[in-house]
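Please find one structure pasted underneath; my questions will follow.
Note that the chains take the letters A, B and C in the order they are written out, and that residue 1 is the start of every chain.
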Amino acid sequence: MDLLTYTLRKLIGGIPLILGVTLISFVLMVHFGPDKTYELLSKNPTAEEIAQVRSQLGYDQPFWVRYGNYLGQLASFDFGYSDSTGERVASILSRTVPISLALLAPGFVLGNLLGIVLGLVAAWHRGRWIDKAIMGFAVVGMSISFLVVIIAFQIVFGVWLGWFPVRGWNVHDFSSYLHYVTVPTLASVFVALGYNTRFFRAVLVEEMGRDHVRTARAYGAGPVTILYRNVLRNALIPIITRIMFSIPLVVISGSLLIESYFGIPGVGKATFDAITSGDQPILKSVVGLTAVLFVLILIVNDILYRAVDPRVSLK
Amino acid sequence: MTSALLEVEDLSIEFATEAGPLRAVEQVSFRLEAGRTLGLVGESGCGKSVTSLALMGLLPGNGRIVTGRILFEGTDLATLDQAALRRLRGRRLSMIFQEPMTALNPVYRAGDQIVEVLRRHEGLSRRAALDRAIEMLARVGIAAPEQRMVDFPHQMSGGMRQRIMIAMALVCRPRLLIADEPTTALDVTTQAQVLAEISQLAAELDTAVLLITHDLGVVAETCDEVMVMYAGQVVEQAPVGALFAQPRHRYTEGLLASIPRIRKQPLERLPVIPGTVPELSAMPTGCRFAARCPQAQADCRARTPELRMLGRSRSACFHPAGEE
Amino acid sequence: MSALPTDLIGLEPAIGRSPVRRAAGRLLADRWAMLGLAIVLLFFVIALGVWAGLWGGNWMASAGQRWEGPSTRHWLGTTILGQDILERVLFSTRTAFEIGLIVALASSMLGALFGALSGYFAGTLIDSAVLWLTGVLDAIPFYLFVAALAFALKGNPWAMHIAMVATFWTTTARLVRGEVIKLKELEFVEAARAIGLHPLTIIHRHILPNTFHILLVQATIVFVAAIKSEVILSFLGLGVQDGVSWGLMIAESTTEVTAGHYMNFVAASSFLFVLVMGFNLFADGLQDALDPKRSGR
């Protein structure tokens, strides 16, 4: 019950954020957005036809009414129909989101896990050559553009080696899934690993310098005990925060690029197509849902804090 | 001569820094008998904390013991590897630190942390360890010990946390307790209580105590013997009464003179020791205190004085006080 | 009593050096950081040369055959339109610096301003407003934001810069806010308040100067983020509209590489990689010099 009231309270507190995001996006995309009246009309439209289309597209309504409608759509998850394909936005989303998740999840999990492991190794042996080597690779990884990595991987795996497909998403069973997901996963891990490792190493080094680690040593704790009970466990809050807040980044930006480039029909590619064609219903839905996702992440993050650190109270 | 519990011989400790190796502790030697309390006094930076860390094998990464032996129950701790030292830490010798606020792990309950030590060193079952821990908490003067066991550190005051630390330190009945400024961070009333508890428990458990402090008042109250350090060296060691009655080294003399107390005649100003401690990277030859010593003479700057017996004290001074 | 010096300028402290001198000393001694700085300066000279018209001016002309390999006339070969790749990659250096400098400077200023206000008046309406704004801007996906802005500004070439600045200032503001909150509890600020200085004066004269190290480090990070983002934005068609950039070159190359024409791709990627790497090395060294504990030594 406690948790429920807390969640509700936080959701309500997140409303100004959602309002802000949707308002700004709405102003930019819809209010200033392309006027699609003439696309839906034939060659020599009469004034009547123009008025009819404009009314159909909702252009004749005042700003706040249109914005209100948008919010209503968001609340009911019904965004109408895509401008380009005419398909229901909801069904487009339900088709593309699972694909994006299946595509990005392995890379996300692997990128963070490996980052933590490498960060641990580097932090534990800080100052020695393995630390410098790991940090060296991290800097190099950070300095290569994601796009460059994707193109390079496409050349290497697709053109030269031909081991994995680099376009499309012909997935019907687990082995074909592995087949298609490998190169995108490798690309995302490659790019994220540099940043992740550096961050986790910094967090862990800071935790290692704390007094209670010295106390643990003073009472005979061995390296494994110290690493787990005194360092990792205590560093969980910044680690969790970082992982949670990288979700919007990975899901939206990562999917956009990978899917457009590899031709995978996920929500990123749908968004990209929507951007280039100016398909507002899809853009509105993606932005709105992103805002809601962001607020949900904030809430889950807070709850995880409480689970992990007894000093934090749900207030 | 009976073999003491702890015998430190010619201990020297160096740190590797950006500016080259710095020697923080120079040829320190002392003995501590079982069940006795030795106070280690000196100002910040004199090397007292570093010495205690070296005893436990807890020097930071860039520090190392360059010479000397640390004979604890006959074994030279300086030669042991980390695995061997881990078996001793918390079991045969324990240490408590200055900052109780940060010494405990904030995400585990207080009781769990003590139980962890017990199970590691004595292989007790969880139930047995819990009972021992509760019993220990009661002995350090904590009311409602069962409740304190399940509390988290942030739910306790500084004094309470320090008592938890003391309980953790003594629960395995170590022979030696090193207390590095255990009460400096506490308020005055709690200070007195905690010190009293340490003394009492040490007496009950026949534990020797190496008490590090900069407060001579604390030393007078709790210690059997005192050791004074200056600029990385031991300058005087004596039984408490002897030191306060007749300090030998000029530094000790200056320290005692600067303590405000009720005198027969009012003073114009409180005596102070002029000057500052020399930098580690620029140690003078000869007696390190000579630059600030009102009695310094030519031989003081030329040669380094060694510890010599005088009365009941040992001091490293060519012209000690009270010789006339 | 001897005469007191009436002018403190030029006097060196008797013991020790100022924190700035010490940090500078550490930085100069850091070989990797100095290598990074050298790389950045080299690229900067290249960019200046383009500005001055010394090289890179011929990036648009179709001077040769299409897809020529490297030769003495065209050191890096030509593109599908016969344009000299070397000229293009040199000109792109100037583009990169333009974008990087503008975005870094603008976002630093915005971040400093809002961060300081938000931090100094922490807990009040001003703070809540700034926090809300940074939260909102963080929640909007970057590429969507650029797209939306591009629509709204009807293809204005500055849309990309504005979008970048609007996104990147938030991290700087947050960091400055955190630092200001710590600073305003220090005694020297209390002293400034006690002598009656106006809050804005206090912020301007006493608090902001103590955040310069944060601003400097963040500026380098934003510079890197800006030129890296430009690559992806240009690929999406939302980036540089006029002129040429590494991003545009890479975007062009995507269709060529499958046919085996790599020069465009390799040239642009390499230049980009070296500059970004140089900046990252320098930024690392800068952070380590300002806070030696950071590397855990």
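Just so we're on the same page, contacts are C-beta pairs under 8 Å (C-beta built on N, C-alpha and C of every residue); 3 or more make two chains touch, one makes a residue touch a chain.
Given the structure is predicted, the values throughout are model-derived calculations rather than measurements.
Chains making contact with subunit A as well as with subunit B: none in this assembly.
Chain centres computed from CA atoms place B at the largest separation from subunit A.
The chain pair sharing the most C-beta contacts is A-C.
In whole angstrom, the spacing between the mean C-alpha positions of subunit B and subunit C is 51. Centroids of subunit A and subunit C (each the mean of its C-alpha atoms) stand 24 Å apart. Contact of a single residue of subunit B with at least two other chains is seen at no position. Counting partner chains per residue, subunit A shows two or more touched chains at residues 127. Within subunit C, no positions touching two or more other chains are listed. Chain contact summary for the complex, subunit B toward subunit A: residues 56, 58, 61, 83, 86-91, 94-95, 97, 99, 102-108, 116-117, 120-121, 152, 154, 165, 168.
Listing the residues of subunit A that touch subunit C in their complex gives 16-17, 20-21, 24-25, 27-29, 31-34, 123, 126-127, 139-140, 142-148, 151-152, 154-155, 158-159, 202, 205, 208-209, 248, 252-253, 256-257, 260-261, 271-272, 275-276, 278, 283, 286-287, 290-291, 294-295.
Touching subunit B in their complex are the following residues of subunit A: 127, 210-212, 214-222, 229-230, 233-234, 308-311.
Taken together, the subunit C residues at the contact with subunit A in this complex read 132-133, 135-136, 138-145, 147-149, 151-154, 228, 231-232, 235-238, 247, 250, 253-254, 257-258, 262, 265, 269, 272-273, 276-277, 280-281, 284, 293-297.
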